[in-house]
């Protein structure tokens, strides 16, 4: 008995056809957003790069594009980003890795199931709150130890950024470590090794591309962070690598200029897009590297 | 070494060395266990310290007056009214855009799109978008929405910027939930004569609502806490008025004026107060921060519970 | 209730003479390609109506592939190609025809899978889904058809008091019978079984075998099975396949006791498998 309901069937066909188009458009949205970012950055920063020579970008000592006698040394901003990121990584990578090893190889399952989501909460805290904490709680604390520390410092901002990034390293790192098969561990245990030995000699190398992906993504996150450094590290671009000083990062500069008046097409307007373009290239590189590493890890496991 | 009736008897000092090695290994393990536990608790403790710090400085500042006043030059009179209303309106736009488009994109990529180089590229693209710094979304919104589309420095531009920011979260959450449904179930639906859309609508979406809801909550929680993109668009930090209301008491009962109004938001207000020199506004900043923390923590907590419950309910 | 004696007499009834009913499904020179790899090689077969036809053969011989050609399940995955024709009586619909909508085809066939796959919905909703797809919405009609299907699947008595509980609470064997109910609820012409009892214990298996023999009074059954004894127990006709080709096809009794091809004999006597 074949079903004989041609109308409802044709209706179904029509709905199916419509939905495919609706969904296909949704699928394209992400591509459109990417395109939007790239096109906007390129078109709005083009005038800036057209009139500022590459030579000035790397040789000028200061970054003051809005001044009467503008300086275009973007190195000042890059130094700020580099130092804060470096401090953050000095905290996040060792701490995050140790926590990942502990959670993956030592902690009981129940403990891990409770702790992991709690750790992820740490990365869900709004970054203004972290900024507040860095400026008003951590800095005074650090000043007790080192009284010469200025109100705004890259150290303070970097330390807090590191805490914020720890969950990225721990979560991804622990996932990678746990997917190393038990079989490999058993080989080492059977020879009489202890848990830490097995963790360092078998699991860590086995999970390496996954861990590397985690580190690279942590770097990307640190480079792109805005509010913590804008609040606690200062808004004055300064060419220095001393974390005990204040300086502006690429992101903080964009915030600082945005806080003022920004007529469309003015030099201030163009300069933030130029900074944004630089930022985009940096994080793009790290993101792609992280993606490739993560792919490689999945294929190997 | 001596041979004794076919067995090799190892000398005593060999055993002693093994024993010492074993001891050492166990001791190292015990130490690492202690250190690991300590560091874990310390790291989690930071979360607690943050909350307590904010509560200590700001809890007493939160009262009805605080929640219903506009910002002011006098710290004692300043409040978060325009801020939380702004956040609410922003979230309406963000949710209204990010959820349908994100879920649709997730469904398309997981159920409809053929697996070829193009879809690989889209996947890489989404992974990259998830890692793009939030301030760049603000820059895009500034060039595209504020000026190119002429939406101005408005709730609409801000909401769209945040929607683009959290879109990858929704897409990935949708895809992952759909992925956990075994091929078996899809085939059963198809074998009964369902079209692909019918299989999605009747089966796949209902079975994955837990995972999708979790992703949506996480996305909105992220959006509420973001300030960098909004500053870039030009969200004002001192707004002493509210955007026009979306609902009217006279026909046509719905208004869209609020979409084009200037605005502020909770994290922006907090940023403004933190940036002021002097101690006057610190309690205000702490209070705003406390409210933000409570909102984001409870949303994330709800997402975690949802995820655990979804995992328990349907076992494949 | 079917007793063991009549199970074996089923095939002997036919063994003596020519199959009376006209073929329900006529398969002509069916070939199937997965990419460039040819999985089915010009298979031709007449599947008789209202009988149980078994497809046997070693792993990889193409029996499941053949089954899934009939309801065009292969269309769901890229890279597949059919050649040849498959006609369904009484109207002669060409399943593989150029304009043929696979969904319409699927509504005429029911399929029961190797691993029970009920939807995570209630027992009632599982059976009702196929009916709803075909446009049925009146509560009373659905109730009636759901009950009929559950009775045909010999599971009505066990679930009649808990129709609105989740299907997952049932045992494996019960879930499979539920899947059978789901497949027969829409009155398909042919029900395709893909090794339906391979994941079940012996008691559940025998319950399902009994109900298949009952089912054939109303629908044509095509069953792929790895279990030679099962084929011998329940089928009227048997097709032996090897490496994508149909080697021999005939009444079960005859094929098992007096196979005409040496490959068939080797497989049945266990010399390979």
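Order of writing sets the chain letters: A, B and C. Residues in each chain are counted from 1.
By our rule, a residue touches a chain if its C-beta (ideal position, glycine included) is under 8 Å from a C-beta of that chain, and two chains touch if they have at least 3 such contacts.
Not measured: the values here are computed from a predicted model.
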For this session: Go through the assembly and pull out the chains touching chain A as well as chain C.
Result: B
For this session: Please indicate which chain is farthest from chain B, where distance is taken between mean Cα coordinates of the chains.
Result: C
For this session: Please work out which of A-B and B-C is bridged by more C-beta pairs in contact, and write that pair.
Result: A-B
Exercise. Taking each chain's centre as the mean position of its Cα atoms, how many Å separate chain A from chain C?
Worked result: 55
For this session: Would you kindly tell me how far, in whole Å, the mean C-alpha position of chain B lies from that of chain A?
Result: 14
For this session: Express in whole angstrom the distance between the two chain centres, defined as the mean CA positions of chain B and chain C.
Result: 49
Seminar exercise, completed: So chain B residues touching two or more other chains come to 195, 198
Seminar exercise, completed: In chain A, the residues touching two or more other chains are 12
For this session: Any chance you could list the residues of chain C touching two or more other chains?
Result: 103-104, 107, 134, 186
For this session: Would you mind writing out the residues of chain B in touch with chain A in their complex?
Result: 18, 21-22, 25-26, 28-29, 32-33, 35-37, 39-40, 43-44, 46-47, 50, 53-54, 100-109, 112-113, 122, 124-129, 131-140, 142-144, 147-148, 164, 167-168, 171, 195-198, 200, 218, 221-222, 224-228, 231-232, 234, 237, 267, 270-271, 274-275, 282, 285-286, 289, 292-293, 296-297, 300-301, 304
Exercise. In their shared complex, at which residues does chain A touch chain B?
Worked result: 12-13, 15-16, 19-20, 22-31, 33-34, 36-37, 40-41, 43-44, 95, 98-99, 101-103, 106-107, 115, 117-122, 124-129, 131-133, 135-137, 163, 166, 192-197, 217, 220-221, 223-227, 230-231, 251, 254-255, 258-259, 262, 264, 272-273, 276, 279-280, 283-284, 286-288, 290-291
For this session: Write out the stretch or stretches of chain C touching chain B in their complex.
Result: 71, 73, 76, 78, 103-104, 106-107, 109-111, 113, 115, 117-120, 129-130, 133-134, 168, 179, 182-183, 186
For this session: Write out the stretch or stretches of chain B touching chain C in their complex.
Result: 114-115, 182, 184-195, 198, 202-203, 207, 314-315
